[in-house]
Amino acid sequence: MTGKSLRVLDEGQGEYLSVDPDQFREWTGRKERALVAKLMSPAEAVSRFVADGDYVVWETNYLNRGPATLIREVIRQRKQRLWVGGKFTWVIVAMLVEAGCCDRADLGFFVGGPAVTRAVIEKKLKVYEYSNLIMTARLRAGAMGISFIPVRSLGGTDNFKYSGAKLLEDPYTGKPTVVVPALNPDVALIHVHQADQYGNARIFGTTITDVESALASRKVIVSAEEIINTEEFRHKPGLTKIPYYVVDAVVHQPFGAYPGECPGLYSSDSNHVVEILGAINGDRVKQYLDKWIYGMASDEQMLIERVGTPKLRELQRRATTVAAEGYRA
Amino acid sequence: MTGKSLRVLDEGQGEYLSVDPDQFREWTGRKERALVAKLMSPAEAVSRFVADGDYVVWETNYLNRGPATLIREVIRQRKQRLWVGGKFTWVIVAMLVEAGCCDRADLGFFVGGPAVTRAVIEKKLKVYEYSNLIMTARLRAGAMGISFIPVRSLGGTDNFKYSGAKLLEDPYTGKPTVVVPALNPDVALIHVHQADQYGNARIFGTTITDVESALASRKVIVSAEEIINTEEFRHKPGLTKIPYYVVDAVVHQPFGAYPGECPGLYSSDSNHVVEILGAINGDRVKQYLDKWIYGMASDEQMLIERVGTPKLRELQRRATTVAAEGYRA
Amino acid sequence: MIGKGPWSEAPKAASFAEREFQVCIAARLVEDRKTYWVAGGGGPMYAVLLAKRLYTPDVIYVAEDGVIGAEPMLPFDPVMTLAAARPSYRALMWSTMNGIGDHCAAGYLDYGVLNTLQIDPYGNLNSTWLGTYGVEGRRFNGPGGADTIAAMCRRVVLMLDHQRRKFVPRVDFISSPGYLDGSPGARERVGLPAKTGPWAVVTNWALFDFDEGSRHLRLRAIAPFVTLDQVLAEMSFKPLMPPDGKVQTLEPPTEQELTIFRTEMDVSGQFTDTAAHWIVKEGERWSVVAKEQSKKISPL
Amino acid sequence: MIGKGPWSEAPKAASFAEREFQVCIAARLVEDRKTYWVAGGGGPMYAVLLAKRLYTPDVIYVAEDGVIGAEPMLPFDPVMTLAAARPSYRALMWSTMNGIGDHCAAGYLDYGVLNTLQIDPYGNLNSTWLGTYGVEGRRFNGPGGADTIAAMCRRVVLMLDHQRRKFVPRVDFISSPGYLDGSPGARERVGLPAKTGPWAVVTNWALFDFDEGSRHLRLRAIAPFVTLDQVLAEMSFKPLMPPDGKVQTLEPPTEQELTIFRTEMDVSGQFTDTAAHWIVKEGERWSVVAKEQSKKISPL
């Protein structure tokens, strides 16, 4: 004991997911380390690995290489009381809220519309305020197996007040320093370009926190445009972004990011993008869910019957004729 | 003010490089942001960007894609009073100590021999104790622009006592947590597979803290096996590991890691490896320095006259006939 | 702030949308050989791309998902301004969100350019909630990447519509930090990096900076098509006046600026079209016309 | 700890180096379907690779520079056991040092296997300084990656030569943590992850574990070619005895183990050659012969 101490200068009042790196290690200690096949349908993956009450994150969003199929499956299975990490997301929080799946959200960026305003005011949705980068910092800390991490933003905002952040006297500089709690979600949903049957995964292009979320989360579902042989990973190990041992389920799902873009493979469906945005801003999300999710037995049906092969081919053509450099091994 | 505080339970007594992220930002604020040519000789790069008294890190070591040419140039220019970060290194600390370049070292792993033992006992070399991973954690914190970072190792060791670490009451779990100070070195020396004239750099294979050191250091010298056109970076931006704006000097230096290996390009020179190890363990480092460094005007002379083209060709052949997968774009 | 430049001698346009004017003014503020972090698309992105195309070729454009130095393939698909192939095209490096955040924290990102919903005299931004937080009013998108940019970039340029309800004495919610209460060291006391903060505010009518002592918003120049009284009437608080008391008049867009903007950037007119007003010069007189009418007048 | 296994029925070798024996014993401790972080080369690496080749095919080998699941191209060049092409060959992933450190902290790396210079009754390791730190004696390599492994892997296997000066009541310097002072919660009190620590010690003569209550080193089994008295005489402190009081005898290397080890791994004999003694079985009797002599006897 040194007799010294550091003052806690301020604290946010937001509830935050309980932090305990040792408890997280207990969980990771029970995960499989051998190379075992994990291929399954979206329905099975979501059914087995997303539980009511879970804290769920997803990577990127409904526009850009997001796990759109997995999100639709969560909605279709009517999961409940999810707490979600809404960073760099777009319409997914609003979809989950209107579907009755979600009652708590840590927010960075999202598009909410009247439905989310109403849910907050009626206290059906509790929200805690962060920013995209603060949420990614929390996930990074979770991936590092530590309990908190210092950051150089968030201080001075009202987000701080409604967050789990603290303002401490820095142990080295003595200056005020913001720290935020690590985040170890129950579930991460991630869509990638290529995976093998064990869960090794490649992503081309920038990533948001795909790698950090995969490491930080207890249960990880990866959906992939393409399933490739493990031999390909062994030929170019530098391209592997997510190692198999953090992954619980691998879903082979071409167009798994639809209506979003999967860079290098297909473009976003502009009409659909406008439709969902209009649904949210016009308070018609339930109609959107009926048409695209509840009314469809699966994404297979949706892609074939509702979207149609000609449209999918067109989206592929638009992506691969321009700007596709750098998205292949 | 919350009135709360966190107890400082223990503190290492080791001196550490002063931590001030805002001061580091002052420096990075003065660096060039435009794409300007930075190609220069090893002699010019070391002369301009390594000053007596600097804190210097290098990436990897004398065996594996280390900046061997740059280190030899530091010795040839008889830099003095360097403080070095000796993590995952091998013989370089001993070479610098015997060359009279270095009087302080933060240590993780190194091969020292009698010369280093003598220097420590005679107080010509001050040492502070960390581990490889703790040094990489410090560099990561430096790269993140924060002042400290929690870690899950170091506690309980005597390294802790001779380090800049502290044991704090964790602000979230209440449990004891070790934190270590960020490291923002004055200089980073990094050897890469490919760079452009501006400093964008590609490395194939694993990295130690190449990326973190480049971000964390005030002055960055990159030596590269190959200088490629910036267009190649723009075609595959996912392969860029180090962005140009952190780099101050680019040195085109084929065999710049000799006698070490540059994976995929050339093998280590086993005879030389044995020679330097023998020199260190046999207290003959000065003779080694005379033969390979002081006695040579430059690495060009050393590679051509002392090593010889046939040997270099053989090292290339050995590397490229086996195990070379994954080290190319 | 904006002195003479290449635009001063160039032929001026006689008809343009207010949003086009705003983008051109913001573009002229861009400093060459600096890194710019632009949150998402819209005005901030167009301003930096326009400047790079015309005035500041050595500007490096950085996006929130970690795209560094791209040469974006314009135009983009609707809403697809981030983390997609076209905005990421021909980058020098594709990093990650934490990666680019590190670069910003370490001081490598000089300028940020941000859109905002609401601003106060100290440059604090609200993009979270209009009304009483959580009780009544309307929820918006949240800070997104703006908090990061506002906290850690060295200089921040803010863009918003010039409306009374947007310039308020106190924002309903601080989503992204300005100078907070304006007191010396206010940002440092809450852990933000030293020597950072809002630097300019560009609206469709005016250009502001912040007084170095008081950190209070200060008017510097206004558009040629509005009066000082109009500008002040559309603000719920009074800005400081320029140190020399002289409010400058901003030069209108050049023909070249608009040609580049319309043919290479906002090709569909989607961005411009959302602005309420078009400005038309008839003889020496500027007039404001409604959007429908302007469509007929606009040469493009 | 080591029960019966495939080695029990296999034909045993009649001549082997002590170091080869030690590697085989450590290999038999390897648990299948687990991740192993091995610091550098030498005995720890050979033990895991030998186990993977013969007994535990689903073991995943992880190296300090971030190589995950490699199928190393053996043999390596001298000293080139890390961050080089051959040990990294056919990996599932090439990460970084911080990257693999994160995986370890987050609990994904199960076992660590370490060489050490000096050990105490609580499994604390010294690889930094023999003598009085900084004052007299000799400086060694430092913890390297061993501190990380010893702190954060779930179970740690330690390998060292069975010599009196290496088993000491108190190490001169704790480079890597064992159970510290052995008191309950000692590791947690200094910030180390719960449920971690030394699990086995393998020497060229004996196998130890740690008593779960006292955390004190405990003898479990000895080599067939030494006596209990010899084993105890070469330790500066007294280990605990097995719970049932019975010190087991370890089975000698099998012919298959040695063939694989000598033809695929230590091909040059560099590793084996540094050991002082060879063991030769003549009839039912084991004898220890000097290295020079053994060279003639060894069948390889």
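Structure notes:
So that you can tell them apart, the chains are marked A, B, C and D in the order they are listed, and the count of residues begins at 1 in each.
Just so it is clear, contacts are C-beta pairs under 8 Å (C-beta built on N, C-alpha and C of every residue); 3 or more make two chains touch, one makes a residue touch a chain.
Note that this is a predicted model, so its numbers are computed, not measured.
C-beta contact counts were set side by side for A-C and B-C; A-C has more. Centroid distances built from C-alpha atoms place C farthest away from subunit B. Separating the CA-averaged centres of subunit A and subunit C is a span of 30 Å. Centre to centre, using the average C-alpha position, subunit A and subunit B are separated by 36 Å. With centres taken as mean Cα positions, subunit D sits 41 Å from subunit A. In subunit A, 10, 21, 145-146, 151-152, 175, 177, 205, 234-235, 237-238, 325-326 are the positions where the chain touches two or more neighbouring chains simultaneously.
Taken residue by residue, subunit D touches two or more other chains at 67, 88, 90, 94-95, 105, 152, 193, whereas all remaining positions touch fewer. Taken as a graph of touching chains, this assembly fits none of the simple shapes: it is neither a line, a ring, a star nor a complete graph.
In the complex of the two chains, the subunit B residues touching subunit A come out as 1-2, 4-11, 19-21, 145-152, 166, 168, 170-173, 175, 177, 179, 181-182, 204-205, 234-238, 325-326. Taken in their complex, subunit B has these residues touching subunit D: 10, 60-61, 63-65, 86, 88, 107-112, 114, 116-117, 120-121, 127, 129, 131-134, 136-137, 140, 151-160, 167, 175-178, 205-209, 211-212, 261, 263-264, 267-268, 270, 273-274, 277, 319, 322-327.
The touching residues of subunit A, counted against subunit D in their complex, run 21-22, 24-29, 31-35, 142-146, 200, 215-216, 230, 233-235, 237-238, 240, 243-246. Subunit D contributes residues 63-67, 73, 77-80, 82-86, 88-90, 94-98, 101, 105, 128, 133-148, 150-152, 173-177, 180, 186-193 to its touches with subunit B in the complex.
Residues 32-35, 58, 60, 67-71, 88, 90-95, 102-108, 110, 152, 154, 193-195 of subunit D touch subunit A in their complex.
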